[in-house]
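Heads up, the next two complexes both have subunit A, just with different partners, subunit B and then subunit C.
For the complex of A and B:
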């Protein structure tokens, strides 16, 4: 019997290894494709990088020289090779507008955005899960209607519109939060949180709709199952049945949706950080796009896509960990 | 809940009809240059009987501008979604029906594109091509294509395994004919539902792009552009943000409500 158990654990281990290895290979392939797509999209650019660096008034010979030294006369494939080569060796080049190494810029801004991403997802879940549970418990009653309606409202307003409302109400009129800026957490952590709150809250409202719906529908399914009836028959408190028994089984799909929304969130932070003058990745991307800072555009785009892809992978793996019923394949 | 759903569908349809009427008839009915005429003595005038929704920073009537913006925003959103269908439908159909290596390669590409947030992809394409109405359509259309292709592929995969497809195949019908005659009509409900939802997202995306200055350009009137202009005058003229904001909200709300009900009718499996 014990040997049998051992064999099972071993085979499971091998299965895990194969799964992880398979995922890892696919991650590397996807990263490669991400750089390819980014390069393709940014190279339909009709502008001229050399002219962007030197300005339109520069003399043609100097421009030609710069083009030569930047390798802009090389075939596209060679240019791509150089670019990816630089990426792998850590030579990411310099931003045209900030005149700083790109690798340094990304490092600084990524932290600011990480704060906003985590904060908005926390706010979204903190609002959506109770609202969804509430709707599922009172299915087809007025509570359900209130929950669905507010979820619908959340997705129907553009998130930057929520942002504008927040600035108007909480910053201008009530003065509870600052309306713009970012404070480094090493300087004053409390101020960091205060600056991140309004943009995060606005983003959270946009995110919560899907999460509420998902919580409601999975909870509805779970609540009609046999083991819930058994738990109730045992005389467990309703609170325990719902939050400990039902929600524990319903949270998986909700987390999956939350993971899938990370991509959407990284799109939204571009608008929200720009609106709030919050100097994170989204703001940096916007500055790069607005000023056609080609090297910076390429790296911010690749960086965001890579982060989104890796987050999705992490959610997949987390899902396997929290739900033992998941088949690996 | 059932009643709620019917009411919701009705509200959605009424909202959409009103918006459609405004978009089509509005620009014809309003006095010419009513939306562009500047009145420097009445800049940022609050809503009143002469200006229902107030005026903007140049003294232009917000009521007329929102009507004009309805057409712009809708035109861009509809064109972009049509574009994503034109690109995504063959992609998803071929991938899902043929399967195998083609499916693997195409879906790998689609998955890669899905790693780029749609708004980021749209913003980048728009910035690269140079922002104007036509490029905004291209940007949103391309950015939405992978989502549509993914869903259509799943549907095509399901339909491809149906007995009637098997029967057609065994009687010697060509693949192209099967895709056209049998697969396409059977995936249409899902495509229609998805298009409605995509339209809502396209309206939001256009507003977002224009808000960031990488979409519609002035002097055109678009809802996103109007909200952008309102940023510096929130305190003194909040209506300049609220009016176009409500226009976006009502349109997207209408599309979402209609889409939900449409899904219940056309696609009963998706819950």
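For the complex of A and C:
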């Protein structure tokens, strides 16, 4: 790829702005629908924000006063307008349980979780791609069996099992990593990574399975193509044939799957962060749900949805860089 | 001159779950510099395995060279036994001293790398050239294989090039090293290409051989290509050599029965000159069937199929709303008639619209406009139910008999299906009917209980024909029905089709790219180009007096299975076919024809 990729990115920048804008527009449209659904669902739930703040035993008059001042008596449409308006202007309100501005809270926790997401995806890809390639190169031999059964084990055992195993082995017995907690990166970045490693590794093992299988199956298909024979007939080293010629073709679908998994990852993160006492988005979501912190729930949902959609947009754009055959428009 | 390659008692085995399978049993031959050796054989003869062994690429497909020596004289004059060479040595030989071209130009290039990169990486590896020097050399190579606009091609990706251009790039890669690999191996290099592009590529290989004094090992199944290209010929069958000789010996005085049979099964363009009616293929051992061919009964021409101004366009979608932004003009104002008991062949190169035309007639795809009359019935006006019933009169045989049969059903059930579909018979009557159909297409009755994978390609195509015959159709649309078959099997299936026509009075719309086959079987021929029939008329008239420029170039590009009629010495460049995609508001002109001979019409420019 080297310089060629760079050149393609440049030409993309000029030629395909329209495509990117188009895609962004559809992301915004989807987000708008998500805000509608989120708002509707949270309003159908029994109880309201005023009740949450004052408790069920509170004075009905005071409750009514609070409702009035929070605007809960306005028509739903007006309330929705206020909510979305606040979202756009950055006035996201305050969390009921943490008594802190939601925007600040989400910013901190999202950073913590981003570390885990990136780290677990990196671990998963670093394990899955070589394992999948290895299986494809030695298709139907013992290497293939080893690769597919280890991948299958990764996916059949639940994440929390791997989490417990990690704590046991790497924290309790070997003492290499801390078993719980989160350290702010601005305080000690190295400690942040050490704390994030075990939950990331446990998540990565779960992610790895699909990626391994995807790598194996796309690589198997690519390796039987004629251009691989042509590359060998040119006298290229087998190493080059597999890791440059074949993998460059096989990596696209793997990255697509990885992008889709980011969405699933937010589900697994809830369990894993709670298990490791790691105060990120997953932990925050769990707290918000547990305490019915409606404003926080609303923003968390919209925020996660936005992250997932933007990740997938990024993957699609990356795909265009990798595969010149994809036409935009 | 000293031979550059000597293959001595080569044996190749493949390990499978069912034990070792022999790919090549015992093969020996030698090639001298400046010589083209053609290895010819039908599928499974081991010809490709032989060529892959010379590159030691056979082991990537699970094969092992278990016996024999493959002595190759290297550039420094030393002799290397390829069979025993280390992977490192093979890396230096492959692409550097032996170049190879493969069958599938569409997949032979890496889709995510530019042409430049795929040309230069070998040069940088073997010759240690800098990126700039390699690029300059790559440009020279593209020029030497006569690619139009070579500078632009370097920066392009494979999907931006046509099939013919891609094969030129693959050849450029194969001859990349100092423009003189000592040996060029070409494994079916033109099989997947249209006939005009095939002619260009064959001429290119001939020129490169002449200019560089390369030895060429040419693998093919096509006797006509052999006749055009070979100095010497090796005929292979079941992993062994049947016969070896100069091309003249093989074609004029073959010694072995198998060679004779192979040659007999090949239709030679021009051999039907002066003959009015189609004629069955000469099959060795099948003289009786040939003698049984009755002189064509003079029948009063009676129209079965009439096509008037048939037009089929496909939408090209674009934009976020997936609106139709342009149209593919697949079939454009096509008109013809087909008589009862006759064959009309539609010929043309890929993308010319011949298949779309056949499918539009059966309404397997809905035509955009035009009329189709079969036996006095307007097919276009039928509603769903009536169309279903009318399908009994018009059946289709497809190119790939494996894909067109259901792999999970017994053959007798598949042949019975159309009969049951139309409620024509059941019980014992149905069984008898199916039995007769198997007899009719000359398949043993015990095949009735088998599954498709248990049959050979030719046998499967017989089943497909039996299935088409099951409902006593009047018209059969045969879309490249013999193209995927080995030549001897092709001849048998063609003879069967002609026999059925004589006995049952069937009409065929015979869609094919193969001019030599068409000359043999057709009463009338329509030549298609860019969706239109550019020339149509009685077979003799069209072949003897081709009048449209496209028909002329098509016929001039067909290889003739006769080494005394060589045609690809000089570089050829046929006009590339333009795109059939037009904007929505494009209003094409009507097809207007001039009659150059009775019944022989040529499209006016």
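Quick note on the criterion: the second predicted complex is superposed on the first by the 311 of 329 C-alpha atoms of A that agree within 3 Å, B and C clash if a C-alpha of one lies under 4 Å from a C-alpha of the other, contacts with A are read in each partner's own complex, and residues count from 1 in each chain.
Definition applied: a contact is a pair of C-beta atoms (placed from the backbone, for glycine too) under 8 Å apart; a residue touches a chain by one contact, two chains touch by 3 or more.
All values derive from a computational prediction rather than experimental measurement.
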| item | value |
| --- | --- |
| Touching partner for A:245 - first (subunit B), second (subunit C), both, neither | second |
| Partner chain(s) touched by A:144 [first = subunit B, second = subunit C, both, neither] | first |
| Which of subunit B and subunit C A:42 touches, first, second, both or neither | first |
| Touched partner set for A:227, first subunit B, second subunit C, both or neither | second |
| Of subunit C and subunit B, partner touching more subunit A residues | B |
| Partner chain in contact with A:267 - subunit B first, subunit C second, else both or neither | first |
| Contacts of A:237 with subunit B and subunit C, given as first, second, both or neither | second |
| Touching partner for A:284 - first (subunit B), second (subunit C), both, neither | neither |
| Contact set on subunit C toward subunit A in their complex | 55, 57, 60, 87, 90-96, 99-100, 102-104, 107-114, 117, 121-122, 125-126, 157, 159, 170, 173-174, 176, 318-320 |
| Subunit A - residues contacting subunit C, complex | 4, 22, 26, 225-227, 229-238, 240, 245, 248-249, 322-325, 329 |
| Complex contact set, residues of subunit A against subunit B | 29-30, 33-34, 37, 41-42, 44-46, 139-140, 144-145, 148, 152-153, 155-158, 160-161, 164, 167-168, 172, 217, 263-268, 270-271, 274-275, 285-286, 289-290, 292, 297, 301, 304-306, 308-309, 312 |
| Residues on subunit B engaged by subunit A in the complex (per definition of touch) | 1, 4, 108-109, 111-121, 123-125, 127-130, 200, 204, 207-208, 211-214, 224, 227, 230-231, 234-235, 238, 241, 245, 248-249, 252-253, 256-257, 271 |
